[in-house]
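Here come two complexes built around chain A, the first alongside chain B, the second alongside chain C.
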Partner chain A sequence: MNETPGADEIRAMVTRHISEAMLVPIKDVVPSARLFSDLKAESIDIVDLRFRVEGELKMKIDQRAMIDSLGKDLTADEFDSRFTVGFIIEYVVRHFAADRSPA
Partner chain B sequence: MVTGIGLDIVSIARIRDLFTRHGERLRNDLFSENEWAGLRQIPDAPDGGAAALAEAQVRYLSMLFAAKEAVFKAIAPPPSLAFNWRDIEIEACHPVQPRLHGELKAYADIKGIMRLSGGVCASGRHAAAVIIGETS
Partner chain C sequence: MSAGPRPQRVALVTGGSRGIGRAICRRLARSGIGTIIVNYLENEAAAAVTRQEVEAMGAVAHLLPANLAHPSEIDGLFDCIAQITERLDVFVHSAALGAFKPLSLLKANQWDLSMAVNARSFLLCVQKCVPMMPQGAVVAVSSLGGRRAVPNYGAIGASKAALEAMIRQLAMELAPRGIRLNGVAGGLIETESIAKFPDYHSMVKSVIEATPAGRIGQPDDIAEVVAFLISPEARWIHGQVLVADGGFSLM
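On to the complex of A and B.
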């Protein structure tokens, strides 16, 4: 991967890492897929995914900020329905760009 | 009164793969210094880093992780709670003695959970733990 990948490159990379970390076929890693209910992610898979993405993009993902961005005081069902492949991908794209923006 | 029961089973091979892939970063993210110190008491522990663990060490870490996950499930905090894996420190495995930190501890206190107890074991390919949370 180039030093400064574009958004589409990042989307493809995160999709691949989700597939590998969750051990699911890449065809199932669609934006609407819920990580827990649809892809059957375990908490250890989420840790693996975060490290894979951080390592490849040389960025730090603030887990708390990411969870907060889903919304406040969510029920478990609300959290599950919002914690999707599309959410993760776009969060990474947005924050990768923000990390590299001039101050 | 029982407030929650947590059960977790983790693949030992999965934990080994993660340490091979992520090494020190995983160690620092999941385990406290005290927990890591316990690893050094296991016979034949190599002097290598987190990516070069002996089988007995991987088994031990798998049990620790299963116990942490079971404690988390027994407490069942809301998704918005700020949590990291070091907020659950496993001080002993037989029986499991967890110590809570951070917002998870505050939440358990609010919920009135006075006691978390249970067991953990590893056999063959998996480590498993069960934890019961009680108000008294």
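On to the complex of A and C.
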């Protein structure tokens, strides 16, 4: 990507990387899909996804901050239900924009 | 004519913010290396602790984050190193990452990630180091999983086997240039990363029972071997992977 991508381009790009990192068909990568329960992600796949997105967008994603932004003291079920494709995509869109906004 | 004071030696350590890498940074500083360049992925707080420990030994520490999974970030890392020094004397590859699961269930992307960080990045870093090393020593941190079957360690084990093959090959290629390459393979070492293993506690117990020396390895045990391998006393050792495991692999 040579020019600064817009939000929709980022959404498409993250969707593609989720498909590739989770090895699932892109048609299954819908906003409501839960990474762990629905797409059968493993923790190493989340690292892989992050590296792919960081590499393409030349940005850094603080994985701990991302997880923390889901909420505090979540049960395993709450975490699973909130850690969705839609959450990840919008987190990346938001932080990509914040990274590039003037201080 | 006086040769003047000998310049202080400079070392690069990948994966230097925690565990074995941090112990190596600390040990290299103690051995008199004047500048330690500490590469790490992202944990700035941990890297700051490494810096503190290195500086407490009287050496200078430079913290350089880079994700070694990306060749472009390795390029960037060495661009930053070039701003600090024209010469490297020591390179230690301690960065590692991988999936802890049966190899028979490993997915292609998980294989790729383990190989990229543990093996490919070593090659790319060595290629970058060579022009900066009129002579020098390189040590890669391997593990017993590179030559033995270890439960849930297939991905990392395969990458360590590749690492060890590269140590031998590069040692042959670079010895004429005055660069020695070796490796150290530990058994189970007590670090934060290893605590992520499934069944960590039962594994530690069984490893201790199977280790003649009667304990689990510590990061400093590996760091001491690294210090030896880069020392002049190891000058005739080329392309070897020294096992340091308290005798675990003897049984």
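Here, the second predicted complex is superposed on the first by the 102 of 103 C-alpha atoms of A that agree within 3 Å, B and C clash if a C-alpha of one lies under 4 Å from a C-alpha of the other, contacts with A are read in each partner's own complex, and residues count from 1 in each chain.
The working rule: contacts are C-beta pairs under 8 Å (C-beta built on N, C-alpha and C of every residue); 3 or more make two chains touch, one makes a residue touch a chain.
Keep in mind it's a predicted model, so treat the numbers as computed, not measured.
With the two structures aligned on chain A, chain B clashes with chain C.
Once chain A of one complex is fitted onto chain A of the other, the partner contacts of A:E90 are absent, as it touches neither chain B nor chain C. By the touch criterion defined above, A:F51 reaches both chain B and chain C.
When the two structures are aligned on the shared chain, A:E9 is found in touch with neither chain B nor chain C. By the touch criterion defined above, A:D38 reaches neither chain B nor chain C. Once the two complexes are overlaid on the shared chain, A:E20 sits against chain C while remaining clear of chain B.
By the touch criterion stated above, A:K60 is placed in contact with chain C alone, chain B being left untouched. With both structures placed on the common chain, the touch criterion links A:D73 to chain B but leaves chain C unconnected. The partner of chain A that touches more of its residues, comparing chain B with chain C, is B.
Counting contacts as defined above, chain A residues 42, 44, 47-48, 51, 55, 63 meet chain B in one complex and chain C in the other. Interface of chain C with chain A (complex): residues 42, 67, 69-70, 72, 97-99, 101, 107-110, 113. The residues of chain B lying in touch with chain A in their complex are 10, 14-15, 18, 21-22, 25-26, 29-30, 65, 69, 72, 78-80, 82, 84-85.
By the touch criterion stated above, chain A contacts chain C in their complex at residues 20-21, 23, 42, 44-45, 47-48, 51, 54-55, 60, 62-63. Interface residues of chain A, counted against chain B in their complex, comprise 42-44, 47-48, 51-52, 55, 63-64, 67-68, 70, 72-76, 79.
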